[in-house]
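Labels run A, B, C and D following the written order; every chain starts at residue 1.
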Amino acid sequence: MIIVLRRGEAASEVEGLLSDEGLEYKRLVLYDRDVIVAWGPSEDKAAEKLRGHPAVELVSNVGSKLQLSSREWLGGDSVARIGNVEVGRDFIVIAGPCGIESREQVEEAVSAVWSAGAHVVRGGAWKPRTSPYSFQGIGLEAAKWLAEAAHSKGLPAITEVMDPRDARQVFNIVDGVWVGARSMQVTPLLRELGRLCRETGKAVLIKRGFGNTLEEWLLASEYVMLEGCSNVALIERGSRCWASVSRFSLDVAIIPVARGKTHLPIIVDPSHPAGKRELVEPLALAATAAGAQGLMIEVHPWPEKALSDKQQQLTPGEFKRLMEKLKLLLEALGRRMAPQPKA
Amino acid sequence: MIIVLRRGEAASEVEGLLSDEGLEYKRLVLYDRDVIVAWGPSEDKAAEKLRGHPAVELVSNVGSKLQLSSREWLGGDSVARIGNVEVGRDFIVIAGPCGIESREQVEEAVSAVWSAGAHVVRGGAWKPRTSPYSFQGIGLEAAKWLAEAAHSKGLPAITEVMDPRDARQVFNIVDGVWVGARSMQVTPLLRELGRLCRETGKAVLIKRGFGNTLEEWLLASEYVMLEGCSNVALIERGSRCWASVSRFSLDVAIIPVARGKTHLPIIVDPSHPAGKRELVEPLALAATAAGAQGLMIEVHPWPEKALSDKQQQLTPGEFKRLMEKLKLLLEALGRRMAPQPKA
Amino acid sequence: MIIVLRRGEAASEVEGLLSDEGLEYKRLVLYDRDVIVAWGPSEDKAAEKLRGHPAVELVSNVGSKLQLSSREWLGGDSVARIGNVEVGRDFIVIAGPCGIESREQVEEAVSAVWSAGAHVVRGGAWKPRTSPYSFQGIGLEAAKWLAEAAHSKGLPAITEVMDPRDARQVFNIVDGVWVGARSMQVTPLLRELGRLCRETGKAVLIKRGFGNTLEEWLLASEYVMLEGCSNVALIERGSRCWASVSRFSLDVAIIPVARGKTHLPIIVDPSHPAGKRELVEPLALAATAAGAQGLMIEVHPWPEKALSDKQQQLTPGEFKRLMEKLKLLLEALGRRMAPQPKA
Amino acid sequence: MIIVLRRGEAASEVEGLLSDEGLEYKRLVLYDRDVIVAWGPSEDKAAEKLRGHPAVELVSNVGSKLQLSSREWLGGDSVARIGNVEVGRDFIVIAGPCGIESREQVEEAVSAVWSAGAHVVRGGAWKPRTSPYSFQGIGLEAAKWLAEAAHSKGLPAITEVMDPRDARQVFNIVDGVWVGARSMQVTPLLRELGRLCRETGKAVLIKRGFGNTLEEWLLASEYVMLEGCSNVALIERGSRCWASVSRFSLDVAIIPVARGKTHLPIIVDPSHPAGKRELVEPLALAATAAGAQGLMIEVHPWPEKALSDKQQQLTPGEFKRLMEKLKLLLEALGRRMAPQPKA
């Protein structure tokens, strides 16, 4: 259960009561609120005692496995901040190459997505490849190229972290990181990123594993938030399904269903389920129409030469046309594309 | 392979050549074209001989398992006619109750969907229920109520046929039929509906089975077309997937992928994948944004009393609001909602 | 709920009580018991009144969707009779070609499976093919060849029925029929076969659809039993799964789980999930070890010339070796292969 | 491609040729062979030049994505050594608790599985739990208890490593580690374990992710082997499938199919797909009958009090009975249970 404390009130009495009931608990500051999350067999009993307690503003004990990620206690949508970009209010677009392959490539890519109106730049410094004989990424150096190129345009940059031993260095360079689909349940990594998020205020985005359930995805975000990180967003990128007619199946129902369960912003990556350039646009439009709060799209200055995901990265021209369609679509639905941050 | 014959030309020479090559073949009139579909091991050899033959306008021998349903030979999109409604040009909406439960219920439902702008009315006279202890539908009498109510508003009506022994009677009443997801590969039924379509000019719509592949779906339409029916459309209604967060998974990629393979119109049923009323709208908008040429939506005048699919049928008010959003969405994408047929 | 009546007792009082409670019901003779199945909102209330009623031996009201197929009311395993073969006691093997292609082929196949010890002969007279351009089966004539060949060896024969219009004629020829995976939820067919089973005492075997759940499979058997047929068995043949490394995924857990829910015998078809000859043996052994009560295996005298399922039909020699392994495996597990019926 | 060098021959000429052709390559000692694995666009050309080269014993260039894990180059089955136990020859059983909960619990568990004839002891020191509010394991201390208890009986011990930062310490304590399903594609972890395996000679077992393909599983083993580790085995533990009737779907076809592709030993974990105690035995027997080379089974001295996987851990008595059945089953199939290592 979640206990939101009143500002300025001493929490020690509440903590004492939780201890007495044999509950495990942790005190956190999340979304500018003073919060205690507590768990154990006697949750219901403790909740009853805490309701009406003068130090307690709210007790949320909905019997779900979800706690910090649950929509109930926060009431509405939360907002994640990637540098100067707010995720969870107006619609935002994260774009950039699958993998960072050279300084020139990443500069070209950043310039292209910036001029088309993207809000955040992405690029893989390390690549989680199925085969060890495929391009594995350049590493930390590439993250620096990415950040420099992005920052020069006034945009924040994000990259993937796979190894907890790299995490601190990466947080020193970029404005946020994402956890890849293949690492979504690697709890030591999630905890490490949560701690660094709390320390630095930088964002953590969590991709749903292609073999993971909605509940597992939300519980992955609990690992991050339980370290005191409230700068979290979720990225949907499709599932493996026998019926897939593209690389992965994008079941758009997950967007409204997830939004009903969690306050966290839901971003959709249409590039991975598409697998092919020509499917990125219909999937991007569909995800937006279904309620996604942003998109993450792979764009490469010259996709035919890409060292990974060659088939699915958009050209700068394709990305520009898609951005224009998205704007019209959002307006028709009574929503709007966020303004691009200024350099 | 498909051989399109020139108008007025004798086909006997072509047929003789196919026989000589040991091919099986069938001559058909489809989409106002004089067509021979031929199959067998020596297809390539025969195709070569027929190219340039004076009686032959086109030889389509693309090596796919798809023949009559294939986009290649027809060039563009085909159009199916349900009464006075054209499916495959402007966007159309089919709406009505899951099952027909009474004369009053179907009249109310038709009136509601008509006033919201629907183009075709749907209603189940027989219901393919998982359990024999659930409501099984009223049968032929219900189809008559449906057709009368629809026709009184100037709209065509369609219903599902499960038993080939009922098919002829049903074709005498309604303007088209659909093959349900559970019957999609029942070849004697497909053939019977194909024959009746050819005889009557009425439409056959084929739902994709929730356990069937895209190729199986298109090949089901081949069974129908091979009986001489060119009034065919396809209905997508989601797959069973381990990742489903709603009743079935709607992978919107199937819309552009199917459209790339077949000339047949692709309609999407958002009601069955949604399973719940509040998910119908996001799925309907997403399917439209992804390129669906129409929707089939369950609407009930008083869903809470429905004898089947109680959770997922829209109220008349919800349907009306959805129709308005769809119009705005289509315009933003440079497309348009078809005008409603006049009574 | 299920009400088992005492022998010789008048049932009219029980029926009156069910009517008074507003329940729908049907009286049947199943497994030599006088049974009433009743359903409706006031089941619990009626059940309470009927417990202890002098005409009533047992009231089974377990709140499951399953009624007649449920293990609860019958207590133990039921036995289905295909001609002189009992399914559900000792282990039995059904074998024969995928499709019946000629009189010679089916005679050779029957001779081979008989000499290897098979108990029942199978062969497809009509074939439910994905493509209309594939071999569709020979029809009724082929069923006659199958029955003659099998009966000459003292074995019963079974074939698939797809079209309810063929069913009566087929029941006049063979000793049982199976419902194919693609027709598993076609309720008019299930009802028709149930009626013919009751009339003739011949068996109905129901394959699980590759896209259907365990519950849907058991409920398909309810449609058949609700017509008064108690000669029913179930055939598992694998599911479509993204993880499939063969034609279909054979999740062996379904065998013990299904046996825990239903009294009906569970047969496994390893040929369709295998898809390839070399995988039939490991799947057959695994299914047997997991508790299958019999197997259905495709055997062709010369598989390389088969008109369907060429890759997965065993040669007579392969089938003979498999039968020997099965005998040893069953003995090690404290079970036994049924003796072959005598001509 | 794989190049096996002749003993004592200078490899420099081969390496020079590979460089000249622009291939990437790595020289390794694997399975007592001097091996070079090389990859790049001109593989075929280089392979041709190397065939017949005096320093080269074998060139394996089969065009598959698999290299070191591929059955082709090694010819037959490989053997992994966990302490004094050989995996890949006679049948072996790994058993022990899901999580290590106390010194007493692990000693009881080890004693029970040892007396029933298990060959290797397992136990989770860190637990990869879906929720951060579930028991997370005790950590390194628990691994020490496990190793002490196992070694006191003469058995080797294995545990799971999730965090590369823990790996070296764990290798100092136990005789092998497994990579959990959730970490199967975390390449920095795979590489770290591969390096420690090469240094220490201790084993690495890789569980297939429940959302990963067979190819991805084998390629995970390539990451490990490419660091010079030839003490590798694979553990199958089921997939997520819409059709699952238990915790995960165990498609037994993966056992023979994997064995046809790789030389690595295939172990099956029936506990996780079972999810329930009563399904462990049928799945264990089925996996063995389908060709598994060993099993990994969760056994807890008092499962009802377990802090994780309470439903699926066998009691010591259940495990003993299963071991007896396995022995009989193996004998019937002409195979045998390995003798237990002596203390």
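Following the convention adopted for this analysis, contacts are C-beta pairs under 8 Å (C-beta built on N, C-alpha and C of every residue); 3 or more make two chains touch, one makes a residue touch a chain.
Small disclaimer: the values here were computed from a predicted structure and weren't measured.
Chemist: Out of A-D, A-C or A-B, which pair touches the same way C-D does, with over half the contact pairs the same?
Modeler: A-B
Chemist: Per the definition at the top, count C-beta pairs in contact and tell me whether A-B or B-D has more.
Modeler: A-B
Chemist: With chain centres taken as the means of their Cα atoms, state the distance from chain B to chain C in Å.
Modeler: Spacing between the chain centres: roughly 33 Å.
Chemist: Could you put a whole-Å number on the gap between the CA centroids of chain A and chain B?
Modeler: It comes to 39 Å between the two C-alpha centres.
Chemist: What's the distance between the Cα centroids of chain B and chain D, rounded to whole Å?
Modeler: Computed value for the inter-centroid distance: 50 Å.
Chemist: Can you list the residues of chain A that touch 2 or more other chains?
Modeler: 213, 240-244
Chemist: In the complex of these two chains, what residues of chain C are touching chain D?
Modeler: 213-214, 239, 241-246, 249-258, 273-274, 278-279, 282-283, 285-291, 325, 328-329, 331-333
Chemist: In the complex formed with chain D, which residues of chain A make contact?
Modeler: 24, 39, 65, 67, 128-133, 136, 162-165, 182-189, 209-213, 215-216, 219, 222-223, 226, 240, 242
Chemist: Please give the residue numbers of chain A that touch chain C in the complex, ascending.
Modeler: So the residues of chain A in touch with chain C come to 240-244.
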